[in-house]
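This is the structure I want to talk about, given as structure tokens.
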Amino acid sequence: MEIHHQRRGTTLLVTMKGELDLLTAPIFRAQVDQELETFERLSSLILDLGKVDFIDSSGLGAILGRYKRIRQRGGKLLLVNAQPQVQKILELSGLDKIMPLFPNAERALEHL
Amino acid sequence: MEIHHQRRGTTLLVTMKGELDLLTAPIFRAQVDQELETFERLSSLILDLGKVDFIDSSGLGAILGRYKRIRQRGGKLLLVNAQPQVQKILELSGLDKIMPLFPNAERALEHL
Amino acid sequence: MSAAQNHMRMEFPSLPENVAFARTTVAVFASQLDFTLDELDEIKVATSEAVSNTVIHAYGKGTGTVTLCCQIFPDRLEVELVDEGIGIEDVDKALEPAYTTVPEERMGLGLVFINEYMDVLSIESKPGQGTKVHMVKYVKAPKPDGV
Amino acid sequence: MSAAQNHMRMEFPSLPENVAFARTTVAVFASQLDFTLDELDEIKVATSEAVSNTVIHAYGKGTGTVTLCCQIFPDRLEVELVDEGIGIEDVDKALEPAYTTVPEERMGLGLVFINEYMDVLSIESKPGQGTKVHMVKYVKAPKPDGV
């Protein structure tokens, strides 16, 4: 699991690579939460899942946790670039209903 | 393991893809021997190993067996395009001394 | 019931690093059958959930042994995951979507995903006596000769 | 001797299709340590040779059980492969390059490759009582905290 993040105004853009599961979800959680604590003006989160080739309910749980934090700030969490099997799991879980999916970060940014 | 072969005059050009081990070596052996039996004019063999990403002593044994058959016909067995770890094993076994390695099939053909 | 063509049995401690190890191992073993890449991904998710449950729930904050068995039949893969942990009070409840005993952290979707992605899921469990999760996935397009 | 950080134990029948399965499984498990891709390839070759020997030599034309154990220590991987097959008459001889009891088919290089690619190889064997092959590979650049 590799995680890169980048601030764009009040939005945090996070790109993940690898597998998001019980072992790696805490790394994702810690890294995003650290940014959110350090930069209080951050109100929205865009997660680029293009290079996430595996996710399970532990990974989804970590994403949902970030969604709740972002909601408390009145912002949005948008998902970008999910591969078919990741998209299927998002749909099965119903998370796609609260976190819309976009084909790329630019389209997601327009939506904020 | 995928195997493709092609006749060029008296030379059989074999391209392998995948892993050459105890399970797959017999497939390689059967396919090459079938060609050699059907086409008696075939006297040389060029093996393209470019897409062989694993080989062990069972795989080497199958190659050495084909070498012996080809030698009986007075021809040569040339190896082409071996990846570094495959090349290392060929050197460890000493097979590189009796079956020269070439960067590509054209160069090997020139050498026949 | 016909005998398995191939089988394996594995034991490892309930550590988070073994979740990826176990799901990859099962997928590699399963690839002896003619599963599509999508189906192998589904097998990976199901295994990941079942193993994660042994790490999170079965042994509390401690670590215990997990036993994973796979059997290859001409038409299906069977996977069984056994722990000797705390067990499940009410299996029917555990299978309900969003039911979890760790609501702060977990989504209660693990068993739901297994149910969705495998053709058969059966759970045997008694409090204090551990849990056995049995999963079956059928090959949709079996190879002619089991080659 | 310090305790292993992680370990696994696996049993499977001595079938040719399990050679690739076993070497992949060991490489996936080994990747918890900071091995290079080249080193993982070497571990795969060594495992492949040891498992192939149980398939070809240990049980004659029959099939028996193979037990594979891996242990992860901060500085090394230990792999042990055990069969309950015919055993080896003369281990020193078996280790010689080009020595094989099946000269028509085999090259006698399996144990040579294991010796070359692993840092330690030790073999315990008695005729009629099976064979235990123990292999160790050290991490050349251990991670600072065993993270």
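Letters are used for the chains, namely A, B, C and D, taken in the order the chains are written, and counting of residues starts over at 1 for each.
As a convention for this text, a contact is a pair of C-beta atoms (placed from the backbone, for glycine too) under 8 Å apart; a residue touches a chain by one contact, two chains touch by 3 or more.
In this text the structure is predicted, and so the values were computed from the model without any measurement.
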item: Common touching chains of chain D and chain A; value: C
item: Centroid-based (C-alpha) most distant chain relative to chain C; value: B
item: Inter-centroid spacing, chain D versus chain C (mean Cα positions, whole Å); value: 27
item: Length of the line joining the C-alpha centres of chain A and chain B, rounded to whole Å; value: 49
item: Touching two or more other chains - residues of chain A; value: none
item: Residues of chain C engaged with two or more neighbouring chains; value: 17, 20
item: Chain contact graph, described as a line, ring, star, complete graph or other shape; value: line
item: Touch relationships between chains, expressed as pairs; value: A-C, B-D, C-D
item: Residues on chain D engaged by chain B in the complex (per definition of touch); value: 16-17, 19-20, 23, 38, 41, 44-45, 48-49, 52, 55-56, 105-107, 109-110, 112-113, 116
item: Partner chain D, residues of chain B touching it in the complex; value: 19, 21-23, 54, 56-58, 60-61, 64, 84-85, 89, 92-93
item: Parts of chain C lying in touch with chain D, wherever the complex brings them together; value: 6-13, 15, 17-18, 20-21, 24-25, 28-29, 32
